[in-house]
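One chain, subunit A, links the two complexes that follow: it is found with subunit B in the first and with subunit C in the second.
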Partner chain A sequence: MFHWLEKRPFFFAVGVFLVIAFAGLIEILPNFAEASRPVEGLRPYTVLELAGKEVYKKDNCIACHSQLIRPFKAETDRYGQYSLSGEYAYDRPFLWGSKRTGPDLHRVGNYRTTDWHENHMWEPSSVVPGSIMPAYKHQFKNIADLETAYAEAVTVKNVFNVPYGDDIKPGKAAWEAYKPKVLAEAKKIAADMKNKDVKDAVAAGKVPEVVALIAYLNSLGSSRYEAKK
Partner chain B sequence: MNALVIKALAFAAILIVATLIVVKQMHIDLSDPINAITMLGAVAIATLAFGVSAKYIAQMKTDKAQGELAEENWDGIGEYKNELPSGWAYSFLGTLIWALWYWTVGYPVNAFSQIGQYNEEVKAYNKKFEAMHKNADKETLKQMGESIFLVQCAPCHGTTGDGLSGKAQDFTSRMTKAQVLHVINNGQHQLDFPMGAMPPGMASGKDAEDIAAWIAGGMKGEKPAAFAACASCHGADGKGNNGMAPNLTEYDVTLVSHVLEHGKKGIIGRMPSFKTRMTPVQEKALAEYIQSLKD
Partner chain C sequence: MQSNAALEYDYSVAKLYTYTAILFGFVGMLIGTLIAAQLAFPELNYLFGEYGTFSRLRPLHTNVVIYGFTVSGVFATFYYSAQRVLKVSMAESKFIMFVGKLQFALYLIAATAMVVTELMGITQSKEYAQMEWPLDLLIVVIWVLWGVAMFGLIGIRREKALYISMWYFIACFLGVAMLYLFNNMAIPTYFTSGNLGSVMHSVSMYSGTNDALVQWWWGHNAVAFVFTVPIVAMIYYFLPKESGQAVYSYKLSLLSFWGLMFVYLWAGSHHLLWSTVPDWMQTMGSVFSVVLILPSWGSAINMLLTMKGEWNQLTENPLIKFMVLASTFYMLSTLEGPIQAIKSVNAIAHFTDWIPGHVHDGVLGWVAFMIMAGLFHMAPRMFKREIYSKKLIEAQFWIQTTAVVLYFTSMWIAGITQGMMWRAVDEYGNLMYSFIDTVTVLHPYYAIRALAGVLYVTGFAMFAYNMIKTMTSSRELSEEPQFRSPMA
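Our next item is the complex of A and B:
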């Protein structure tokens, strides 16, 4: 049989491919299926948090901040429980990052609050002396794109079966009906903030980027699966 | 003995002698068992390398091609049919059987988990840590507290613990007048002390003002009469009745650990809970350090 294969390089190549592909499949697939399952009780991001995630991407937070806590004592002491793959189940794409110029943010919602983020995004060195992070004052003025975030929620619900409620569905009318919920969430965050422009904008039905970003940062951590308790 | 074997032995001898010279020059003690075994290994390598080379060089000189040719050949270069050596074949079969066992029983039943090992090691380490610092003295605790404070607390409370001009609790003093008034007017139920929730409005008007000013002033001077309402839970000296209610005069271990456990939303803002992020010893150390920040 092997002499037959040795005489036929093409089939030999096919055979090699099949063997390696099979080994790869049984090695990778079971682990992959296990790892991509959400951890128990994990809820998907709300529309406001998705809008904040877009701000996070747009202002390139990932260039300096990671979202992956490795199982090392030094990291868990500082950032908390190491990351589990199931926690990224609704991250599309995940924002692990690869460089820590600043600290890891995967559980920042566990140990920072809205008021701290407000001070920090306005002027980082006012709360962290010596911080080299630039100020993100424009986020207090620019308005977050909630419609795109809503569209993202609709898309991942329909394509990947992300468990959103029935009220998230395609169409302008559905968005208009859903919008008050997003604004209510934004109002809750703005209530903990001091900036007058932000408060005014939210009261007028517009959500500045910083509010969405804070909603997203507060959602990072265990609150997204402990809220059920 | 032919010339080839003599040459091989000569090369091996040269190599061994060279090794010995190096050993001598570097003052390596061959009576040490590890060094002796290593030297033995070096001798074996030298002998085997030249011995095996001599064998194959001799074989190349005399060997003739023989055996049954396989059907295929590439540009006239053929290949003999070589049967698999039986030892090789049996061990291959053995690995197949082992793989079946490992796949069905070996791995699933006795799965090693890297993360499990990590968790166990951390648990063991924390236990050791707790035991080691069970009776740590004040100075050790203060130093430990400082390093924890700089990582966990400083981003909000500032590296000096002054609360960054009102952005967080100022640890150089206990409470400001505004804070005391806020608690008197709104009550306090977040810290889960044994005394239970403090209802709003225990004092009002001028009484509340007097109490607030007195507490904010470090409880010096004449005690306002209205403080009796506070004293029933917080104690006549305001020290919290041995952990039954929050201590109003300083950040003691009980107060610090209750705030770390439950977090707190006050007039300044919200502090999140730091539950499970610190061991009891670390909480004690933190309290020790925070107390040392007092002016």
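Our next item is the complex of A and C:
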């Protein structure tokens, strides 16, 4: 049979394809039949947090930080409750990472504060002596792309039914109407910061990347669970 | 029966990809060395402002060595060897020649765009799939063109039976096509939001755990179909050609090929052990990883036994040295991988430096050694000159071998040290070390790894110099060498 196949490239290629596709069919597809459901009470990321997630991606934090707490005592002692599938339901893409040159961040919002992050992003070794993490001072100057974050919220709402409010809708006008809410959220973060340039920028309606990033980091943990009424 | 000598093969496309393999190899490895040094000496993060941090450069390193160096090497060796095993020249079809050159032009554009966007931080943040959707589309075109050239050449072939290397090239083409398409499914947000924000931005079609599953189905099999399958294609072609020995066993090559095709795809979920992926998938990943030793070792043993009775060539011909050591590193790497995929081992190894250590004994010792040996073998035949310097190859071999050994031994120690420290508890059951303790302890190993990088990239520079000299000023050959490549 193999001698026959080797002289017939078409059937050979079909054969190879079937053999390699087989595993995906059995192992990968079934998981999609079950949509990724959020755990109860989990809210989607705000637009500012989404912008922060973009900063997280842009400066590629996953090169060194994971967002996946494995079910071992040593990990739950260090980072908190182990991660659950439903906690990632709004994560597009998933940001689990594959290397911990630095610690896990899946629940960093539970035990770090805005001013801690501010000092840390400016000069990591000032907060953690011996740290080999680079300083991210450019995040204090670069302005976060809020409009793209809003575009992402609109997209996931319309395409994947992520439960955002009715005020998140397509078009420039809708964005302009929504923008003050994002700025108000940024102002709350900036109020806890001390960098003067950052405060001035936010007051002038521009949100530096570090503000969005901190909003995102603060959202990692229990603050994204709405209190039960 | 067609005579071999009557056919004049056309190497213009193979030559172009040879140049880019040398260029991207050097650049990619240089970046790798820089980021290795940054972990030991963090001040090096500030050489190029925000574009020079470890985090921004790390994906650039992986992408340039994978899609720049390795893929160039795959295309170069394909456009060289496919003509010869199919007994057909590129020059016989204007169409295929055009497709090949167009593919190269688009490849250059895509590679440049990849470097620029990644420096700017425009990324999907999925490992080895960082490129955003417009680049993905371009890559699909490039890949399809490769398929057209491949099946075009197959269509007009004179040798009816496909040689083993062609099996692997076909598998590389199909496997990457399938996985790449699935993993990069994303929705550009600009068009769905009433033209808001950046045109480049997209969101993944999958969320959370599903996204992780598809990503590592891809991530693992990028290793399979870029770092394994086409490299096996190369060794099946170049080792017999360089040594003058017939492949040891046809049956073993059949078993290894179909075994590898069937088993490899299952093992992707071993990247997600102890995660939120369903348990049965994790177990499947673990089990199939161990089964994977069989087809991997099958190919490697087949290659080593091909040298049976001719081991003296190992001392006489440095290219045989490269290829035999490549096979050996392949065996090491494909044994180490399954060990790491055992759940209890993975609990320690995952997230540590043992993983990059494992990757690099594969890519430095197996992939890059094989590509360099292949290009060395091709050079006298493509440029009709003997290889510029045998001494330089010998020196390069030992420098790079030392580098690989330093790399993986230091990362083994670093990884296991850190893995053990993370879980260490005192007599009361409290964690013994804060996280930063487990970082500062790694400094000497990071310094050794950076040294390994310097050595390896030095060896690569010697390779590049040797190749350039071979192309330009080495002694000209009057006829094509049989088997062993002539070198001064």
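Everything that follows uses one rule, which is that the second predicted complex is superposed on the first by the 190 of 229 C-alpha atoms of A that agree within 3 Å, B and C clash if a C-alpha of one lies under 4 Å from a C-alpha of the other, contacts with A are read in each partner's own complex, and residues count from 1 in each chain.
As a convention for this text, a contact is a pair of C-beta atoms (placed from the backbone, for glycine too) under 8 Å apart; a residue touches a chain by one contact, two chains touch by 3 or more.
Just so we're clear, the structure is a prediction, and the values are computed from it rather than from any experiment.
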Report for A:R100: first if it touches subunit B alone, second if subunit C alone, otherwise both or neither.
second
Using the superposition on chain A described above, determine whether A:E6 touches subunit B (first), subunit C (second), both, or neither.
both
Which superposed partner A:E27 touches (first subunit B, second subunit C, both, neither)
second
On subunit A, which partner's contacts cover more residues, subunit B's or subunit C's?
C
First (subunit B), second (subunit C), both or neither touched by A:T114
first
Looking at the overlay, what does A:R224 touch: subunit B (first), subunit C (second), both, or neither?
neither
Figure out whether A:T76 sits in contact with subunit B (first) or subunit C (second), or with both, or with neither.
first
Just checking: does A:Y150 make contact with subunit B only, subunit C only, both, or neither of them? Give me first, second, both or neither.
second
With both complexes superposed on chain A, which partner does A:S126 reach: first (subunit B), second (subunit C), both or neither?
first
Overlapping contact positions on subunit A, where the subunit C interface meets the subunit B interface
3, 6-7, 71, 77-78, 128-129
Quick check: in the complex, which residue numbers of subunit A touch subunit C?
2-3, 6-7, 9, 12-13, 16-17, 19-24, 27-28, 31-32, 36, 54, 56-64, 66, 68, 70-72, 74-75, 77-78, 83-85, 87-103, 128-136, 138, 142, 145, 147-152, 154-156, 158-160, 170-172, 174-175
Which positions of subunit B touch subunit A when the two form their complex?
70-72, 81, 115, 118, 122, 125, 151-152, 155-156, 158-159, 164, 167-168, 268-272, 274, 277
For a test of understanding, state which residues of subunit A touch subunit B in their complex under the given definition.
3, 6-7, 71, 73, 76-78, 80, 82, 110-116, 119, 126-129, 192
Within the complex, which stretch of subunit C touches subunit A?
38-39, 42, 45-46, 49-50, 53-56, 58-59, 121-127, 151, 154, 160-162, 167, 170-171, 174-175, 178, 182, 187, 189-190, 192-198, 201, 203-204, 206-215, 217, 254, 258, 261-262, 264-266, 268-269, 271, 274-278, 281, 284, 288, 347, 350-353, 355-356, 422-425, 430-431, 435-436, 439-440
